[in-house]
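Across the two complexes that follow, chain A remains constant while its partner is chain B and subsequently chain C.
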Partner chain A sequence: MSAARTLIKNVYQILVCIIAALFIGAIFLLIQGENPLEIYYYLIINPLTSGLGIIKSLGKATPLIFTGLAVAVSFKCGLFNIGVEGQLLFGGLAAALVGYYGSGLPAVLHVTISILAGMAAGMVYAFIPAILKVKLMVHEVITTIMLNNIATALTAFFIVNYFRNPGQTARTYNVAESAHLLQFAPPEHLNLGFVIAIACVVSLYILLNKTPYGLKLNAIGKNPVAARYSGIHSNQVVIITMLISGALAGLCGSERILGAFGYMQVNFSPGYGFDGITAAVIGKNNPVGACVAAIFIGILQYGGTTINMMTNVPAEFVQVLIAIMFVLVAAQEAIFHALKGLRRKRGKKVSVV
Partner chain B sequence: MNVNMEEHCMQNGIEIKNISKDFSGKQALKNISLSIEEGAIHSIVGENGAGKSTLMSILGGVLRPTEGEVFIDGKKLMTGKPQVASLEGIGMVFQHFMLVPTLSVWQNIILGSEPLKKFLKVDKKNAIRKIEDVCKTYEFHVNLEQLVGELPVGQQQKVEILKVLYKDAKYIVLDEPTAVLIPEETKMLFASMRALKAAGKTVIFISHKLQEVLEVSDQISVLKNGELVGTVNASETNSNELVKMMVGHEINMEGMPLKTNKGKELVQAESVFVEKKGFFCGLNDISFCIREGEILGIAGVDGNGQGELLDTLLCLTRPKSGRIIKEGIDVTGCTNAVLRKQGVACIPPDRHHQGVVLDSGIKYNLILGCEEHPEISSGPFINNNKLDKLTEKMCAEYNIKMSNIEEPIRDLSGGNQQKVILARECGVRDTNVIFAVNPTRGLDIGAMEFVYKMLEENKKQGKAILLISTELSEIMRLSDRIAVLYKGQIMDTIDRDKATVKRIGALMAGLSEGV
Partner chain C sequence: MMALISIITGILVSTTPIALAGIGGIFGERSGITNIGLEGTMLFSAFFAALCSFMTGSPWLGLLTGIMAGVLVSLLHAFLCIHVRINHNVSGLAINIIASNITVYLMGLYFGSKGTTPGCPKVPGVTIPGLSNIPGFGAIFNNISLITLLVPVICILAHYFLNKTSFGLHVIASGENPQAAHSLGIQVKRTQYIAVMIGGFCCGLAGAFLSISYLGMFIKDMTASRGFIAIATILVGRYKPGGVLLSGLLFGFAVSLQISLQGIIEIPTEIVQCIPYVLTILVVVGSVIRDRKRKIMITEAG
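After this line comes the complex of A and B, so read on.
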């Protein structure tokens, strides 16, 4: 199947899952005695019908696009990089430091090196599980989960001990003005990072579908043994993939620090890396799919704050909805298979009659 | 074979009647009727792919036959249900053990049929007493408290046998049990088998090692290409006769290897040594050379080092000692990727697992491992038009039948899948050395002939070809020289002119003296 047709089929399947998830969510709401239509209005329609809603949703989606891509590219290669969270923490720290210590540089240059520093830090941190996998065959799930904890502790250690801005919360000094990302709309909602994210989606799509590297990565993800026997340098591809994944995670950290916060606070991430896994799975590891899923989660997250204010349903309902979607997509093959089986059975019965 | 089948049905024992099995078009078993007497050791022998394992899977309830019935003690067996077969007294011991290494011996034995006390607690005392009874009856000596993972392979096998005995199996099927054992362990296994027989159990012994079969069995049934060649009494036959039954009279002797001019030596292996590991027998002092325009055949029963040899030649595993030399350059330490770029092609033995990416389209499988091929790229990108053109060209050249080039290769027949691999390795790649392992496994006659033709064509072009195959007929048909691999060692290398099926067959069975 060509890349475009796969994409269309994926999008169709994802839409089916989203709608099914909304139906199941509605059952929960009905049990609670709420009107699902009202909730869904605030959750989905409201954010999409106001300019501010759209901007805020996209702003919330931006970090998830980065992490979604980071996870998607590694999953596609059969690598379960759960460590995006840790990689983005280091990316954020590097961006914050370069953003602070590089003050005096011309703005364009300063922003660029700050972002690059974040990417590099993410890559370095992703290189650890990659090299452990290739050289010592340690499974990346274990190393990346462990490295997440190490990253949380280490970044906190650095900030508290060396780069702390004296004050109440443990955070770094403010990033210089020249390193701030261009803001598009009312402060701190949407910044240049979103454009960079979309650019990443496009380049990753091209990389995966139109280059030799992408084909190799795909082959390794689908059948690593055949890839090895056919002469693909698997180890090399695995390392490059982990580096790309780490760079995207680092970008997420940089975008948050340079675009949204302006400094790095200890544990600033509410779990962007893990939401990225959700986005990648719902998006079926396709860059475009992951981006769409990330934006959808962004809408829900913004909508969640609204239902919290306007109705009796807590914002956590959004998490429930996303979880249902995740399960549906993960079990999708089985579900569609069962549906096909049902249809076939019915068809057979008809033909017998 | 069994003229009075109706009478047999009423007796004790296993009666297999007119069993056929189709695997999506390929007949694995053709109308097999066989009776197995109670209280005997009955061997089933045959080459790889002869249908031994399929037949036993049907008996064990893992597979359902397309046609035919199985009777146990005169009672019809509901096929396709492993639990039913187990209840009827059939116990299967597979070649690859189904044991949990982190549990102790007694825990493994009772797994799945645990005796329980109150509150669902395992009744350990009772279980151990019962296992000890079984051990005493059949003279098995195993430390029940030891972890299975710590046991040597021979002991693990005993645990497997104990497992089926614990479930009161009457008919014990041993699938290639000696494949993983060293000679002493084999002797002990045979002693156990005789003890089982003495206690009235029936043992069904599946093997391709003729000496062992002759040593231990009462009756021997020979399968070939899914058909039963015959059943003989072990006391009335010899290995000569069995070799003849297994491979002898129907060997495709039409055509001899193509005569070509042999050039310089392209590939040399110099006393390659690979260590034994797990189920793999390793390699012991392997040396050979392949010249331009020559096919060197490596005959041997599966599992005698073929996999290790291929992995070593492809630089996927590094040998413990020895060298692989290609065109005068030592390539032993290379990576596979580097080696393949120097013109090495490979047709791997396991098509689905090692050969193709089943879920990818034909065109992506055609360029698997050669994604950087200049013919399909423009700049750093893959040019889809060029790729489609290349695919169409190859499909025409290699006569690959498909509905469209986007089609996942999973949907193609085995023969067409193999043609895609051939097209990739011999057409798309620029190669001068080909390693082909079982290139016609599972193919029909037409596809087989195509593969032969392609290999000979490449040979004519002056490529050096290594043909590792478990099909003796294939080796005889194509090779200029034949080396026989047995337990990781080359028993002998014979020129095709001097080779006879008997001699090779004997070497394959590990008999170094002529038969």
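After this line comes the complex of A and C, so read on.
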């Protein structure tokens, strides 16, 4: 089958899964006594009818594009980096500190250094599970989950004890004006981070599809044993992949701090890392797919804030809906395989009759 | 003396959910189905136990609902892994993500709050007649949770089932070599289903313990990575119920240390909070090194 046909088939099947998830969500809403059409109008259509809605949706999607890419690149290599959440917390802290203490630098230089600091912090934090995996074969799921909890506590520790802005609830000093990311729209909705995110999508796509490294990564992800026999240094690729993943997670933290908040609050992430996992799974670990999925989740989350105000359905409904999509898309191949089997069975029965 | 008693009680309380989930999880792991969804399973159980206990006023019905919830969620995991054949980690992750979101959503629907539920009836504690009269240490056995008392029982049962029954051997065979097991007439898929559901049963108990035995309410994300720590205890305890119970005690000690150190010694709370998680990583790394050394010794001897 040609690449284009595979792509079309994949997109079609993912869309079917998403619609099925909306149906399941509709059952929830009906049980609750709500009108699903009204809720889905607010969730999906309404954000796209106004310029502000689109801008706010893209703004909500920006951090998820970064985390989606971070998860996608690691999953593609067969690595379950669930530690994006912790890596982005450290990335945010580093960006906030450089953004505050580097005041006086020229704006372009300052903002660049702050972003790089965030990426570096994410990479350092991702290096821990990577080296444990490569040297000691400790599975990354356990280490990254534990490191998430440690990151939450440690960043809170640093902020509360050393970098706290007195007179404010647990948060750092404001980032200097020169480290702020360029704002595109009314305060805090959309910033230069979105453009950086798209640039990351393109570069990651090229990296994965047009370079020797990408080829090796795909080989390890598909069959690590075969990859090793064909002479690929899998340890090296695993470490590089985790570092890229950590850098993208750190970018997410930087974008939030330098573009949206302007300071780092303890526990500022409402689960960007976990939504990134969903984006990666819905996007089938493809950078472009993860980006589209992240934007879709962004639209739903912005829609979630409207249903919270306009109807009796809480915003958490959106997260439930996204979780259902996650499961269905993850099971996509098996579901369609089963459907095909059913159709064939029915066909046989007809021919017998 | 009182401080020591309260520390021991604290250790028992912290060990109970971790050890239960770990011991139950052994069956799934050994049958070849990795379950990183233990965390979400426990969270589901904790919520439904609290909900049912609150609605009906009967903690026993709550306990039953919690266990049922655990078994059903693990059935879903087994179905996704065995029949739908999606990646075990992806399925487990999905369960964790759904659990964390749906419990908050349902909490909003039923209780109108997004953080904690109101208090619900708790499973009454048990006072063991003979032991509670021992001077000094008797207080430990005064008003102890029934579920905590079940832990050693379940550990012994798990050991018995895993090593002394044909079911246990089927579980191990299915995990180590499914094709060979199948050719010997073992129903691999059925064995795996049952094994994963045993894990769900134990997670159900663990979740119910957290919500309707220990705290008497449900709190958002109240499992706080205990499910993942349980997976670590399985690795550290070398997939043996006794070993898992012991490593569960170690982690329980760390968690209770975290709770009892807060406000006693001048260590910042945030650092104390890290103890169980750092310990998990260290102990898992240690056990990997230990197993590797042992392997080298075996190959050298052979």
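Note that in this section the second predicted complex is superposed on the first by the 339 of 353 C-alpha atoms of A that agree within 3 Å, B and C clash if a C-alpha of one lies under 4 Å from a C-alpha of the other, contacts with A are read in each partner's own complex, and residues count from 1 in each chain.
Methods note: a residue touches a chain if its C-beta (ideal position, glycine included) is under 8 Å from a C-beta of that chain, and two chains touch if they have at least 3 such contacts.
Note that the coordinates shown come from a computational prediction; the quantities given were computed from them, not determined experimentally.
K.L.:
Clash or fit: how do chain B and chain C relate after the overlay on chain A?
P.N.:
clash
K.L.:
In the overlay, answer first, second, both or neither for which of chain B and chain C A:K222 touches.
P.N.:
First partner only, chain B.
K.L.:
So, does A:M309 touch the first partner chain B, the second partner chain C, both, or neither?
P.N.:
After superposing on A, A:M309 lies clear of both chain B and chain C.
K.L.:
Between chain B (first) and chain C (second), which does A:T211 come into contact with in this model arrangement: first, second, both, or neither?
P.N.:
In the superposition, A:T211 touches chain B alone.
K.L.:
Who wins on chain A residues touched, chain B or chain C?
P.N.:
Comparing touch counts on chain A for chain B and chain C gives C.
K.L.:
Kindly classify A:G231 by the partners it touches after superposition: chain B alone (first), chain C alone (second), both, or neither?
P.N.:
A:G231 contacts chain B only, not chain C.
K.L.:
Quick check for you: in the superposed arrangement, does A:A4 touch first (chain B), second (chain C), both or neither?
P.N.:
Neither partner.
K.L.:
Which holds for A:V108: it touches chain B only (first), chain C only (second), both, or neither?
P.N.:
neither
K.L.:
State whether A:M146 touches chain B only (first), chain C only (second), both chains, or neither.
P.N.:
It touches chain C, and chain B stays clear.
K.L.:
Chain C: which of 75-83, 147-155 or 165-173 bumps into chain B?
P.N.:
165-173
K.L.:
Do any residues of chain A touch both chain B and chain C, and if so, which are they?
P.N.:
Correct list for chain A: none, the interfaces share no residue.
K.L.:
Write out the stretch or stretches of chain C touching chain A in their complex.
P.N.:
36, 80, 83-87, 89-91, 93-94, 97-98, 100-102, 104-105, 108-109, 114, 224-225, 228, 231-232, 235, 268, 270-271, 273-274, 277-278, 280-281, 284-285, 288-289, 292
K.L.:
Across the complex, what residues on chain A touch chain B?
P.N.:
1-2, 5, 206, 210-216, 218-219, 222-223, 225-233, 235-236
K.L.:
If you look only at chain B, which of its residues touch chain A in the complex?
P.N.:
That would be residues 314, 316, 335-337, 339-341, 346, 348, 353-361, 364, 367-372, 377, 380-382, 384, 406, 408, 424 of chain B.
K.L.:
How about chain A: which of its residues touch chain C in the complex?
P.N.:
Per the stated touch rule, the residues are 32, 80, 82, 132, 136-138, 141-143, 145-147, 149-150, 153-154, 156-157, 160-161, 274, 277-278, 281, 314, 316-317, 319-320, 322-324, 326-327, 330-331, 334-335.
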